[in-house]
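Two complexes are shown next, each including chain A; its partner changes from chain B in the first to chain C in the second.
== the complex of A and B ==
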């Protein structure tokens, strides 16, 4: 491992993270009726509804600052400093206006559920696409190849949430095979027991299926990679050397064809997270995505910023891991590139 | 001397394509003698590589190979190569006959160290791995490579010449009887070509190898080969010991090929390209395949394909007019060429 490379990548990752946070922060504040303003309105209307009469401006500002970690009457760069300061020093992302709980607590309560469905969706999607892609490459130009090519292109053109809606309609509403929302049955006691787990898996099935459609497009990439590898000289030499077929299929074709998909897979983590917003909304699956969706609906500024930061971090970490580990998977990269 | 290790009879290789069937090897008969170096020479696209691949029954899909290729091991019964099952073929390859071919620059799996290539070859042929790796080290030394450095290297860390030599070492790992070299030096510079050629000569002497060497580089072959066979338009047209080809070529094509070979000692205006173009692999050729370009061609050549006839001992050529050929197609440096000036 090359430390120079490592630190360079690490620096790049940090820079990306910082840029995204700054941009979201600045853009959000540039919106007409800044979050502080809208927050004031929210609080005012709440106060009005509860009938506690007038609120003085100072108290209002204090409340806004309590929720968002920023002083609304300070200039933008000071607000920014305050916000970042809170994240770095106290690990606080503010307080949700709607739920009135710390944003970090809300997010981390939801993260495992989102991880659960997205990890399975990614794994299933990519395993399937590698499998289908390899079979397509081996049977190039056969009927299977052309049929599945068109099918996958078709599936790729149909947005995954349409697939999700269809799944709900056919499997949940018409046939009642699967639940159409939630993450666990309402009458199932939480705990380490079989019924509870079954219920979790049951509820996760449809979201996982519709999300894994996203990874399935990889089958065409895999097919292309494998066809390219099949034409390589080292493959011909391997079969001339009388190596076992299984060895050639896994170590020669498989390994070299999967390599380029590794980065795609890591970046796919980001795609799955962002698609979680839509999928979780469709299936009313209470993960981070649904949290974020609700935050947008209720203009819950601290929560929205918080989940944005979490999404960005996960993406950046995924790409960073891909970058750093690629050298182990493909010796030609050797985690350097400069020391050829 | 006439102890053939390979007997090729009536070999045909064809590919079905959209323009019709390409017959890229046509009715080839060939003997390869034990422990000789046989050179196969011919222009690009004449079918040399396909002929070589057919020796290992390794013609790439969707090509079909018909005819017989008989391999006679030093002990044991003869093997009909084209009838081997997949398992038998897997054993046959590299244990009896190894092949080093054009793409040696990318002959190694880019994600595996060289050592692993040697190891898996030993494993899949059920050899003793420790003894095999020791042998690998001595083989690498004999091709002037540093075994420790090369075995621990990834393919991209080696130069083209090093990879080529490593592949030659790998091809000798299982002590094959025959090694087929398909333009092994095409991508290398002249110096490396020469050193590989002399290396092959040494290896042949120490390992009792039979070498089939394919190239379009005629001068290179004359230094290395015992016998030459000339391929034109998917057929072998002349086969003879090297000296007989060089000084007494019988086929007009061979003579024209010799005249066309660039040589620094000869003035440019004495070098002659062969007029015309080579035939299309899809075309069915009536008569002699060379007749459209041959100065000696007559009615007979257009109508009938000349059979392979013995010109002298070990020297066969497929031409009706081989007796007139020396006069009609002079090779530069010949007296006639002198008289021309």
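== the complex of A and C ==
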């Protein structure tokens, strides 16, 4: 393992996190009016709804700082320092205005569920696309190739949430094979038992299928790469040397065709986590995406910013792991190439 | 033909053109026209994907400009409520729960969509080309490092949550503004592609030659690189347009964007809220917007695929056209 490569990637991950936190700070200030103003309005309207009299300015400022970690009466650089200090040192993302609970508690309760469906969607989507792509390349210009090519072009033109809606209509409403929404059956006791886990998998199936549509576009890229590799001279040499077909397929074709798709996968990680917001809303799957959606509806800015920061952190960790393991797979990368 | 042969050919070309007179301007213009307009057009007509894609996109363009004038703006109760499709010529696609003809709703949502796509594609492709070109050309300088760091940071931040936060705070109603915001998270992938293309092209002899001749960076960028990169940019404009459609319709559908204009996503949202999934007599209200979105993205995908093969053929035919002046498409 090359330490230079490792530290470069680590630095990149830290930079991304710092940028996101700074961005959320900037966005608080970019809100129409100042953050204090707009939050005061939100808090006041909530107070009025609950009917608890008037609030004086100092108390309002204290409440703004409790909710957002921003002290509106301090100078800007002090605000910024305190904001970062709160997040990095104290691990606090503020307090949800609507639920009146710490944002971190609300989000971390839901992160495992979002991770669960996203990771499965990623794995299934990419494995399928690599598999289909290589079979298509091996059977180039056959009927299978042309049929699945057109199928994938067709699927590429359907947004994943429309796939989700159609799945709900066909499999959940017309045939009642799968549940309509939620993450676990209402009468299933939580715990480490088979029925509970079955119910979880059952509820996750449709969201996972609709999210994995995002990865399928890779099949055509994989096909292109594999066709190109299949035409290379070293492959002919390999078969002349009498190597086994399976060895040629995995070691020669597979490896050389998959490596160029690396960047696409990396962008895909962020894309799949992104899609959680829409997919979870359609399937009423209570993950971070649905939390974020509810935060928009209730104008719960601390929760909204917190979700963005957590979404980014999860993606950064995912990409960092992919980066580091990629160094093992492709020795050229850890040797420090900058061309890719 | 493999790329290795190509490289060898180019080197030979470079060596043999040491004492080469510049080609007259008229001839250069004719060659340029042949290479970048005639040849792609000829191949495009032969490539069914590019042809169909262009026709579909053309239809949407006509609907978005002329269709809006021909078809009346829909209002509530201009037609009976919940009418099924294909029954009456006045509202051929049926009507929704408040009696608006669905066909008219679809047509009147098109212009805003086109504006959104235009703004989004311009922003994402423009930024990508700018960043990729600059960074590729100033390889290993501070500019390159800074630009690529920014690109990597934006690649990593999940686009949709970021866009949602931006939309929640600024609540834009202007379709151009929505398009710009959606385009903002879209450029980094293409910027990286452009950069690596620039890195490989700038190793080629003619760029090297321009440098030795003392041409400025800007001139080299404009004359030698941009032309080579145009195909990538065209293809990626189509793909990022598709992404803008997906994202904007999705955000209208879940109700994050304000419901101020006609939009296919808004229609889907209304249909979904009115239980179109569980009531068969309302299913068409949800289905037709879906088909509309599918067809438009299908057109864009076909167009980009077709352009891709046009571009590849052109690469292959580059040497062929100088030897026998014939562009042949191999399928």
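We take it that the second predicted complex is superposed on the first by the 323 of 340 C-alpha atoms of A that agree within 3 Å, B and C clash if a C-alpha of one lies under 4 Å from a C-alpha of the other, contacts with A are read in each partner's own complex, and residues count from 1 in each chain.
Heads up, the rule we're going with is that a residue touches a chain if its C-beta (ideal position, glycine included) is under 8 Å from a C-beta of that chain, and two chains touch if they have at least 3 such contacts.
If you're wondering where the values come from, they're calculated on a predicted model, not measured in any experiment.
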item	value
Overlay on chain A: chain C relative to chain B, clash or fit	fit
Chain B versus chain C as contact partner of A:304, first or second or both or neither	second
Contacts of A:232 with chain B and chain C, given as first, second, both or neither	both
Contacts of A:21 with chain B and chain C, given as first, second, both or neither	neither
Partner chain in contact with A:291 - chain B first, chain C second, else both or neither	neither
Vertex chain A angle, Cα centres of chain C and chain B, expressed to the nearest 10 degrees	60
Superposition-derived comparison: chain B or chain C, residues of chain A touched	C
A:42 touches, of chain B and chain C: first, second, both or neither?	neither
Three-chain overlay, closest Cα atoms of chain B and chain C, distance in Å	9
Chain A residues contacted in one complex by chain B, in the other by chain C	232-233
Residues of chain C touching chain A in the complex	2, 139-140, 149, 152-153, 155-162, 164-166, 168-170, 188-189, 192, 196, 199-200, 242, 245-246, 249-251, 253-256, 268, 272, 277-278, 286, 290, 293-294, 297-298, 300-302, 305
Residue numbers on chain A that touch chain B, as the complex places them	232-234, 236-244, 247, 251-252, 255-256, 259, 329-332
In the complex, chain A residues that touch chain C	12-13, 15-16, 19-20, 23-24, 27, 30-32, 153-154, 156-162, 165, 168-169, 173, 231-233, 263-264, 266-267, 270-271, 273-275, 277-278, 281-282, 292-293, 296-297, 299, 301, 304-305, 307-308, 311-312, 315-316, 319, 338-340
Complex contact set, residues of chain B against chain A	56, 58, 60, 89-95, 98-99, 101-113, 120-121, 124-125, 154, 156, 167, 170
